[in-house]
Amino acid sequence: MTDTSPVKWHLAHTTWFFETFVLEALNDDYRPFHPDFRTLFNSYYHSVGSQHPRPRRGLLTRPSLEHVFQYREHVEQAVTAALERGDVGEPLQPVLDLGLHHEQQHQELILTDVKNLFAQTCLESAYANAPETAVRPTAPLAWKSFAGDIHRIGNDGSGFAFDNELPRHRVVIEPFSLADRLITNGEYCEFIEAGGYRDPILWLSDGWAILAERGWDSPLYWSGETDSRRVFTLNGSRHLRRDEPVTHLSYFEADAFARWAGARLPTEAEWELAAGGELKEGNFVESKLFHPRPRPERATGAEAMQLFGDVWEWTRSPFAPYPGYRPPAGALGEYNGKFMANQMTLRGGSCATPRSHIRATYRNFFPPDARWQFSGLRLAKDG
Amino acid sequence: MTDTSPVKWHLAHTTWFFETFVLEALNDDYRPFHPDFRTLFNSYYHSVGSQHPRPRRGLLTRPSLEHVFQYREHVEQAVTAALERGDVGEPLQPVLDLGLHHEQQHQELILTDVKNLFAQTCLESAYANAPETAVRPTAPLAWKSFAGDIHRIGNDGSGFAFDNELPRHRVVIEPFSLADRLITNGEYCEFIEAGGYRDPILWLSDGWAILAERGWDSPLYWSGETDSRRVFTLNGSRHLRRDEPVTHLSYFEADAFARWAGARLPTEAEWELAAGGELKEGNFVESKLFHPRPRPERATGAEAMQLFGDVWEWTRSPFAPYPGYRPPAGALGEYNGKFMANQMTLRGGSCATPRSHIRATYRNFFPPDARWQFSGLRLAKDG
Amino acid sequence: MTDTSPVKWHLAHTTWFFETFVLEALNDDYRPFHPDFRTLFNSYYHSVGSQHPRPRRGLLTRPSLEHVFQYREHVEQAVTAALERGDVGEPLQPVLDLGLHHEQQHQELILTDVKNLFAQTCLESAYANAPETAVRPTAPLAWKSFAGDIHRIGNDGSGFAFDNELPRHRVVIEPFSLADRLITNGEYCEFIEAGGYRDPILWLSDGWAILAERGWDSPLYWSGETDSRRVFTLNGSRHLRRDEPVTHLSYFEADAFARWAGARLPTEAEWELAAGGELKEGNFVESKLFHPRPRPERATGAEAMQLFGDVWEWTRSPFAPYPGYRPPAGALGEYNGKFMANQMTLRGGSCATPRSHIRATYRNFFPPDARWQFSGLRLAKDG
Amino acid sequence: MTDTSPVKWHLAHTTWFFETFVLEALNDDYRPFHPDFRTLFNSYYHSVGSQHPRPRRGLLTRPSLEHVFQYREHVEQAVTAALERGDVGEPLQPVLDLGLHHEQQHQELILTDVKNLFAQTCLESAYANAPETAVRPTAPLAWKSFAGDIHRIGNDGSGFAFDNELPRHRVVIEPFSLADRLITNGEYCEFIEAGGYRDPILWLSDGWAILAERGWDSPLYWSGETDSRRVFTLNGSRHLRRDEPVTHLSYFEADAFARWAGARLPTEAEWELAAGGELKEGNFVESKLFHPRPRPERATGAEAMQLFGDVWEWTRSPFAPYPGYRPPAGALGEYNGKFMANQMTLRGGSCATPRSHIRATYRNFFPPDARWQFSGLRLAKDG
């Protein structure tokens, strides 16, 4: 799967970020740890130079893992020393912050990429080992209404935020309702059994073409038929639990499910409006479950809508610039802005996201056919 | 080019639309003109049944052109007879209207597809023969300012409109300025000569990948180098005129040009706001020029901003549903809604569009790499 | 199908051959009929210059068919005049001969390409209209034995021959037997019904991969299931006749059938040895059947083994140079020699071959996955 | 590179061969070491069942290398025990022999696959470390003549041989001459500098298409220009030595060089005739050079023609069955026979081949575009 990278590469790339954008910026005569690493661990920054081809990252036998750890140690010490010397002032402080959030993003990717790799083997591979709990009935889905108005979304810039969350701006939101929880595996099974993957009327045109080409008939990592479905997880292969939120869906699948259910996906503005009033609690990577968790039956208050954690929620909003958006000057301008075509926005973080990484204004984005992230869905409807 | 179809196919497909959605709806026992045409000339309506594979449309030696004309005659007579008998009431009247606007869309596609086909031959082929006029200097580009406010866009439904133009709804538009004319070939040449096609920082990530894969270094149909550029037109091969609006650009190229120029593309809401106050005048298919025309030097009033005709203007807005959008029930629900992913919106019509077909609220859409339409650009900027 | 070309292209290409290799050779100042035709109708002669891309031949709207006929007329008159003036001496005489045999090859290709094109349409298309005769039982297959020895194969050069048939040379042929007729549709149906297309053990590795990729489950142009099989022919769609020789097989299919039948395909030396003693009689293009014909029940003498006409017979011999083979100098050296990799040899001509074109030493060649020629099979076995 | 496999896979696959074809055959109730290994380490034996997809072998994180070593130990002990008990009689003894020779083939593949993998990294990777010796002038190429006659080639079956070497049979060989040594890097550089990669007349048609598609302009693993050429080797990156035999050529390149040199490649019969009289001495894997070695200046006797070791020599013979060839019954019939299409025969072994593995009758085979083996060339000519 050419979208994924080896763990070793992620470890080195996040260090490369600090070396390139902090250490090199601090010292014009900076001597890199290894001259070839500049190309090898550059992901997509054309401003920095050429890149090792992405699909060949898996073929790197050198540097060794040990060598990568030396690289990390070396760069970390140099950055720490610079901080202690007070060398890192404006404008480098925000770059350092960005580097930390960047590393958090790759922590999540390490988990999703390892999962994808393990799933290639028919042998039993497990990254973690979480105990099973009893399956409980899913509470009926309820709708929470929101009044239409002129609202403000986007980050106000008082804390850390990626450039794509800025600026905070006005939007018109018409009255809408949002489901009070995520869609479950059980509900998704009903969609499958009702012929959801065989009815072109439910699908976007591009989605139907991809479904046919790739032979999709269920979410990624599912196997088996109706009564004996199994799912590959970071805890190994397990029986599918009907009470868990469905995950590893493409946008096309989430959108088709919503159409089948007589509803639609929320816009990112709707989602953000709803999330703005919620405490940021949920099932994050710190739970070490590495799997979406059924919603507690009588959730109240903070976690009431299961908006944060568990699974990234596909929205119907294409990833586009906010009014007044300006990417930073230089190479860091390549961080987000150049991906603003052919991608859809996801919100809320997942069970593989660090809690401190997520915000109500956070915009994740992937192409509509991507399925290897922990991506699921919540329904919305007009009025 | 698998996006294009033969003229014969367009002629039969537009007739198929009337036969399938009008004549069949009028008569449960309708006997089709030819049983195989239902599949052969179905473009993408899964509700109607299977389709002849799009890339193989060019291989159809049968039916002959004469047979297709008989088909058109047959269906036209049957529809006319039904109209005269007063059989076509609600709800079929809107379908008939849709069929007429659908045929206008294919009139434009016939021209762009024929152009693409002619360009495959190294021999001189010309569809029309328009006289050349003298090249005149282009007036400097001026900016027209618009105040920010809550505006309404979308069609009010009082006349014909496609479903995707509905409903009329409120949007926040921040203060912006719009260029008072289209970008010209001359300006686009400056972009090329400044290395625009060689600088990845100017390009969206997907665009840069496609540029590399397809070897793009100029708009479609251009050939030759700096001082001897030629362009293939429906009037045959000609010297490139620096005063004409640039056309046959992908979204990626339009977007890269705008970034290079220190500006951006307008959103579709901005464009519609500006166009709402303009008379719908411009260079349409009726001019028989089949080529974008330089803007008259002292244009005033109606045509002041060159918003209609000449070239479709790429906007930075992904083609997405308006708030409250609902596709019609049945097969006609497939007309627009299922294409709402991975496409960008274009506005204003082109020199191949019938004048009566275009509106300020009209939303055209193509994937961001499409170049065979008459697509060009206008700059916008914040504030 | 990118292997095929339009009729118009074949007509012009065969004329291009005479213009390029005869008229240009006669006159250093030769002015071509049209300067672009040199590229447009060059098939694969790199020595002559660049070529219009093969898959785009079908997109040529210009020159028109009428223009091509003018081209043919023009070149034919010029060649005739040169002949009458006595200008065409050695060494041009053999080139003229080659041009005539070249044109015969394209006469066959016109028929197979038209057939392929007609088959793309679901509508009824027919090139010819041959009356049906009653289906008769097929005589049991008998084996004819040949003693092993040192034989000579290859052309002795006394009449016209392509370079690849030369030189005549010694080969060891071990004792073998050859079936006295071609394999029929009925026999091939037994192979299909016995699961021949589902058993990987019967197939060459490359063949099995292609079968899976292209979904092959019967010869090209077959449709329907066991008892209602139909076949598309140049006489339109017909019921499959079990008594006709099977045709439109790839080498992989012919080879798999032979393995299933406990036999093998003959080598080209074995075939040539057998054919050397036969009169060249059979079902050629002159019969205007355009379809392989069942073998007459009591065939004797000349036509006894059905070796000539009907279908090209795949041999197990890769198309390779004979010992001492030398391609001609210059562009005509590209005629055959450069195809001596990844192709298999076929023998005997088909129902689309002119009778005067075929010889016992004639070597046709196609890649092992090609099916659009009239290609079938005859069994052989050791001893 | 989808032709290559990880070392771990090779280690397990060769053990799988013994488990599947020896241990399972000995015991109907045999319990496999691990049930999933049957699929995971099956290369291409359809008779044995399904196979893990070849291009995904590199994604197997499980079983671990340690687990594979346990597998090897387990199977080796079981086979040894069976041998000691005297259980392995006819007809299993030849299968055991085949398993050993099979393992030798994979020893060579491990080296060529590791080399390919190391070459993906821009970092310095080296498998071995052989000292450099001084570059010496290459002795002029001399020709050794062979008289034409009826000869016998193929294995007489007295020792171990693969099925494809059988049976020994008569062939006509016309008088020919063979170069007394391999072509060197220096000579190949002359071909490149004379424009060999830019002249289509030198190339087979399929070869020219592949050259264009893949951008070939030198052998695999070469980099740099005329005077500063480097080559990647299992001893790391080195300056190109003009005195070493050229290697990592495709058949298309070897064939083009020969045409440019006014010669041709030998047939496999010619090669075998020449090698039959030679002692089997040369540069094999035991030398631990892992690189072709310049021919000693005054080689005499045994090694006189450099026929064995160093590089596999492409012949102009397609890989085809010998007269009377019969693959073994059952799964082992898939070992060689099913690859007898679209491949060319190579002879003589390489610097990565175990000495005891090679014979004068040994037939190696690869598709004509394969370059990752140690493949080079020797010239031949008629007469």
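Order as written gives the chain letters A, B, C and D; numbering starts at 1 within each chain.
Quick note on the criterion: a residue touches a chain if its C-beta (ideal position, glycine included) is under 8 Å from a C-beta of that chain, and two chains touch if they have at least 3 such contacts.
Please read all numbers here as calculations on a predicted model, not as lab measurements.
S.K.: From subunit C, which chain is the farthest off, judged by mean CA positions?
M.R.: When every chain centre is compared against subunit C, the largest gap points to A.
S.K.: Distance from the CA centroid of subunit A to that of subunit C, rounded to the nearest Å?
M.R.: That gives a centre separation of 57 Å.
S.K.: For subunit C versus subunit D, what separation do you get between their C-alpha means, in angstrom?
M.R.: Whole-Å distance between the two chain centres: 35.
S.K.: Mark out which residues of subunit C touch at least two other chains, giving numbers and ranges.
M.R.: none
S.K.: Just say which it is for the chain contacts: an open line, a closed ring, a star, complete, or other.
M.R.: Here the contact pattern is a ring, one closed loop where every chain has two partners.
S.K.: Can you name every chain pair that touches?
M.R.: A-B, A-D, B-C, C-D
S.K.: Can you tell me which positions in subunit D touch subunit C when the two form their complex?
M.R.: Residue list for subunit D touching subunit C: 44, 46-47, 150, 169-172, 174, 200-201, 203-208, 251-252, 255, 316-318, 320-321, 323-324, 333-334, 338-342, 344, 368, 382.
S.K.: Where on subunit C is subunit B touching in the complex?
M.R.: 34, 36, 39-40, 52, 56, 58-63, 117-118, 120-125
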